[in-house]
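Below are two complexes that have chain A in common, paired first with chain B and then with chain C.
And now, the complex of A and B:
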């Protein structure tokens, strides 16, 4: 086997500490009899050319480059090998600059150390094998789960890029939480109006044809991996054809069955067949089987008979279906909910009639909500005093230790909207901390501070507060015994992951943090990637965030999908990965448990582990863990590392 | 084998590619000399360090082995450094049974920015092994 050592002087950087003559002399004593070529600056354009020409001329079987750190130029020199017609993995670098020349005082000692390192590299490189990047066909299309701001933005943008998107939404409508709000912080924009263009494009725009919207649907199974997922989606029956319904509401009028409307926080009634709320998109009602008389074995087809569009629009026999879709990536945009404030003693949530959480109050403010936008107590009066309690369950080790980040801003929005509607009403903000970050949030904050009818009261812990009703029936908030009337109390509970995050996490094997939010691959570098390759995180399913951030994260998921999966381009699989030799696998499954990327599965049929090269990151943890030595870590094999150890110690 | 006075320990350093190896490069960039006794073996992750590499290093003449990993929580591969820690604890026990002082096999954490710490850890390791003297493994065969 012919081995070439290329020694870079790096000007005087290496040359002044390490003698190339000594390297040449030492190489002569190596049993491999490598040739040594000295280059002045091997990374320079001239140096690379000289290197490539020499490789073409000498045609070595293996190459050692003794120069700078492989972190600087391993990729550069691998390309040189490719240009010279060699396999790039037949080279080993020796870091004689950063790790020897620059840190060793005595040139003789530095030279001796370099000789050892070169000997290690020569012994290692002899065992290195040519490796090839494998190519894999991929599906460039995506599945987006959740049609709130993040999911809608992601779905539409992917569709605009020509990708097919399956957009799965659990509720009967799109728009997520903000579409249920009247106005948004920080600029008091009408939320449904702001979302309207996005929702319109999603449903009927030029690229809507690329989007398959499935409302009242949920993911039930996912198999495969990045680039090649197969998703099974349960489509629950709406009993109304989205394509044919014109949204006239005749069926609603006719329906005799009544229940409470969960989308108005159960503060108003709805029919068994009804819209989620006024103005909802898609503009079609849905039927609640648990309320419909037909599902109680009664003969009723009032809705069907009332429909002016014909027999087929209302389908009372519609049943649940499971559909299967092939996609390459998955964007989780399942959003957030609020911590159940009834879990916090003294808040009166669920026990006192005029205590509302923020979502309930948003619906009360909304013109499509249960009171048509009027702020009224359960007794039907305008409140003359309102208390807004911030940090309910946030920044609280007994509940959620984190700051939910958005509550102060919507609390000050509430302040503004209450004063606009009820100018005489007093508003008291009870807060632990005030958080109004960024360039826009201060406006509403300042407005609230300047509001002559409002005041701020700081409290230390939620235990210092109590919402009670006194003997006269007056609801009040007492802070360490100091009571003030509050006809209406609005709680700002901690923002938590939406219901169903746990189920999705189990289904996709995506990890969650201790708060239940989906865990990022890296909190700063890859905050929009989950721990599973090809599954991206967008919006408040990852951490509490506002609409603006959710939209941006939606775009991040789009970016990953567009950059990683391109039509007609295969996925390149890095060859520095691990591989199981089935014949040696003892079936202990230790590797499965240590793999941080869930790249290893156990094949019960062959009683052996198998590593998915797409998911493997090449860390080698499984290789070290395998008690049977059945796993090869390509380019970092046991034999190669052992040879290097032996070489440097000789 | 060198005499006690002229003894220069031979030490193998297993460095993970992303933090410690980068930390060693950073030390290089600072051009602050440290003892030359540690020969570096680069691995992608400290989780790749098979206990048999360590045993083999001792067998082939190393007087000490140092495994440098990313700081806990910073592992490029999420938790490979935790595996390295587990294996190191096991190795310490095993080396004790073989009569090898546990100070001869050290695990520490060096980040990509900790050039100064890298030099310090190397100095400490070399000093510690220097004090222990050469490793003598009795050969059965």
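And now, the complex of A and C:
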């Protein structure tokens, strides 16, 4: 076997520490008798040309390049091999610059180390095999789960790029949490107004035809892998045709059945057939089967009869269906919720009438909410004192150890809005740490600090606080026994993943952290990618975040989809991956749970594991784990690794 | 004199279990006798060393050598039988990888002798005599072969033609090997025979699922579910990293495999492979937000549930392993 060693001086970087003459002399003692070519800068245009010409002339069977880190130029030199008509995987790089020349004082020692490393590479490269990249056709379309800010932004942007998008939303409406708020921090923009253009484009814009919006729907099954997922989606019956309903509300008037409206935090009533809240999009009511008289075996068709748009708009016979869609990527944008503040003793949540969590208060502030935007106590009066308690369950090892990041900002927004509506009302912020990062958040903070009606009180732990009612019926907050009246108490609970994240995680095999948020592939480098290839994370399902960050993350998911899955292009499958030798697999299934990419499945018929090459990243974990030695890591076989070690240690 | 090919079964440092396994051939022994001249077996027959020495070199067709090499006598017999045999088979785990006798390599020869003859509550040895070679006593001389400074397996001293694993080898596999030898249709020299090419999991019919192990339990602590994989139930079953062919009698008896058939085909170090495999399925829970100390604490807590790593993972293969044993004499 003819082996060529290409030794790069890298100017003086390598040459001043490692003697190329010594490498040439050492190579003469190798049993393989490799030839050695010295190049000054092999990565330069001249160097690459010289390398390629030499390869064409010498026609070696295997090549060793002793130069810099493969992180720098392995791809470069592989291309040179291809240009010279060789298989690129028949080359082995030796990093004699970073790992030897730069970190070794004594040139004699450096040269000795380099000889060992080159000998290892020569012994390894003789065992290397030509490998071929495989191609796979992909579906460029996407499934977006959750139609909040992140999901809407992602869906619309993909649609604008010409991709078909299935947008699945659990609730009957789009817009997520902020569409239910009156104004948003930091600039006090009207939330529904700010979101309206986005929602409008999504529903009726030029690219809306590329978006299949499914409200009242949920994912039930996903099979396949990156580029080729098959998703099954359960469509629950709305009983109102989204295409034909004009949102006039005649059916609502006619409906005789009444319940509490969960989308107004149960602070107002609704009919069995009704809008989620005023101004909701899509502008159509939905029927709650559990409330409707027909589902209590009574005859009623008041809504259907009241509809001025004809017989087909309200469909009382509609049933649940399961639809199947093929997509290439999945963007999870399932959002967040609030920690149940009634879990925290002494806060009065659920026991005292005028204790509200932030979501309930947002609805109270909203002109489409239960009080039409009036700030009133249960008794119907404007509060003369309001307490806002920060960090309820956040930064608290007994509840959620993390900072929820957004609460201080919306608490100061509340301060602003309360004073605007009730200029005489006093406001007390009970806070622990104050978190107002970025270039915009300080405005509301400073406003609150300067507000003559408000004051800040710092507390150490939530156990120091108690919300109580005294003998006279006055609600108050006491901090270490120091009590102050608070007609209304607003709690800022920890931000937690929205309901259903656990189910989705199990369905998709996407892992979650100990707090229940979806786990990112890498917290800094790949925060918008999940651990499963082709499943991206957007918005507060990944960690607590505001609308701005959620929209940006939505765009990150779009970026991954557009970059990775292009129509007509195929997916290149890296040949450095692992493969199971079925004849040696005894079916212990140990590898299945080891794979971080869910690339290994178990074939019960053949009683053997198999690895999906598309999903495999070639990390080698299963190769090391397989106790039967039945898994081979291509390009990193045990024999290759042992040969390299042996060569280095000789 | 018989015209049949000669068969010898010899023991080095061993327990006698391999001979029992041979005797367990039951009536098949008659077939062995019909085909071969079973002429040397100190446990069963009267043939002496001098009778072997008197044979011409290569006179024995097959020697099944069991036991490890612990003493100079073991080594001497290994060389003698190598010379006199056309085919020398390392028979059983001691001859193949050192097995239980080789666990002595976790200590040194001197420490071992000290424990046996000097520092031992049941020994009264005022003179501090450690007998070796010829030692004189008032009652007369005693002759003991010297101990090697460490226990070896057969191939570390002489060339071995084939290996048969097991502690002891299963009798049906012994019969398979004898049939193979008689047929003359043998695999390349150096092969391991009388076994399978997969792992014990293939012989074990328990239901296997994905494996995440939170801690290990000992056999005495509970009655394992007879249908579910023992490893998944937290027993340190070596079956995943052990060559098959035994038929998994241990797991069928609700006991974990201890690994007596050694490393599977293509694996050089059974213990290291087992450690790599267990490291991969060790479940210490979600570590998000935990300090390094807390994570290390969880790993330690997991590892504490494994008693005697080396004795468990290298019970049958220490002499042939990369680990080797304690350095020193």
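In this text, the second predicted complex is superposed on the first by the 621 of 650 C-alpha atoms of A that agree within 3 Å, B and C clash if a C-alpha of one lies under 4 Å from a C-alpha of the other, contacts with A are read in each partner's own complex, and residues count from 1 in each chain.
Here is the rule we go by: contacts are C-beta pairs under 8 Å (C-beta built on N, C-alpha and C of every residue); 3 or more make two chains touch, one makes a residue touch a chain.
These figures come from a predicted structure and were not determined experimentally.
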Looking at the overlay, does A:448 come into contact with chain B only (first), chain C only (second), both, or neither?
neither
In the superposed arrangement, does A:402 touch chain B (first), chain C (second), both or neither?
second
Hey, is it chain B or chain C that touches more of chain A?
B
In the superposed arrangement, which partner chain does A:625 touch: chain B (first), chain C (second), both, or neither?
both
Considering only the touch criterion stated at the top, classify A:70 as touching first (chain B), second (chain C), both, or neither.
first
Chain B versus chain C as contact partner of A:593, first or second or both or neither
second
Applying the touch criterion given at the start, work out whether A:514 contacts chain B, chain C, both or neither, answering first, second, both or neither.
second
Let me test your reading of the model: by the given contact rule, A:375 touches which partner, first (chain B), second (chain C), both or neither?
neither
Do any residues of chain A touch both chain B and chain C, and if so, which are they?
594, 621, 624-625, 638
Interface with chain A, chain B side, in the complex: residues 10, 12, 17, 21-22, 24-25, 27-29, 31-34, 36, 39-45, 47-53, 56-57, 60-62, 76-80, 83, 87, 119
Once bound in the complex, which stretches of chain A touch chain C?
401-402, 513-515, 519, 583-590, 592-594, 607, 621-622, 624-629, 638
In the complex, chain A residues that touch chain B:
69-71, 95, 97-100, 102-106, 109-110, 112-113, 116-117, 120, 531, 576, 594, 596-597, 617-621, 623-625, 633, 636, 638, 641-642, 644-646, 648-649
Which of the residues in chain C end up touching chain A in this complex?
197-202, 208-212, 229, 231, 239-241, 244, 264-267, 273-274, 276-277, 279-281, 286-289
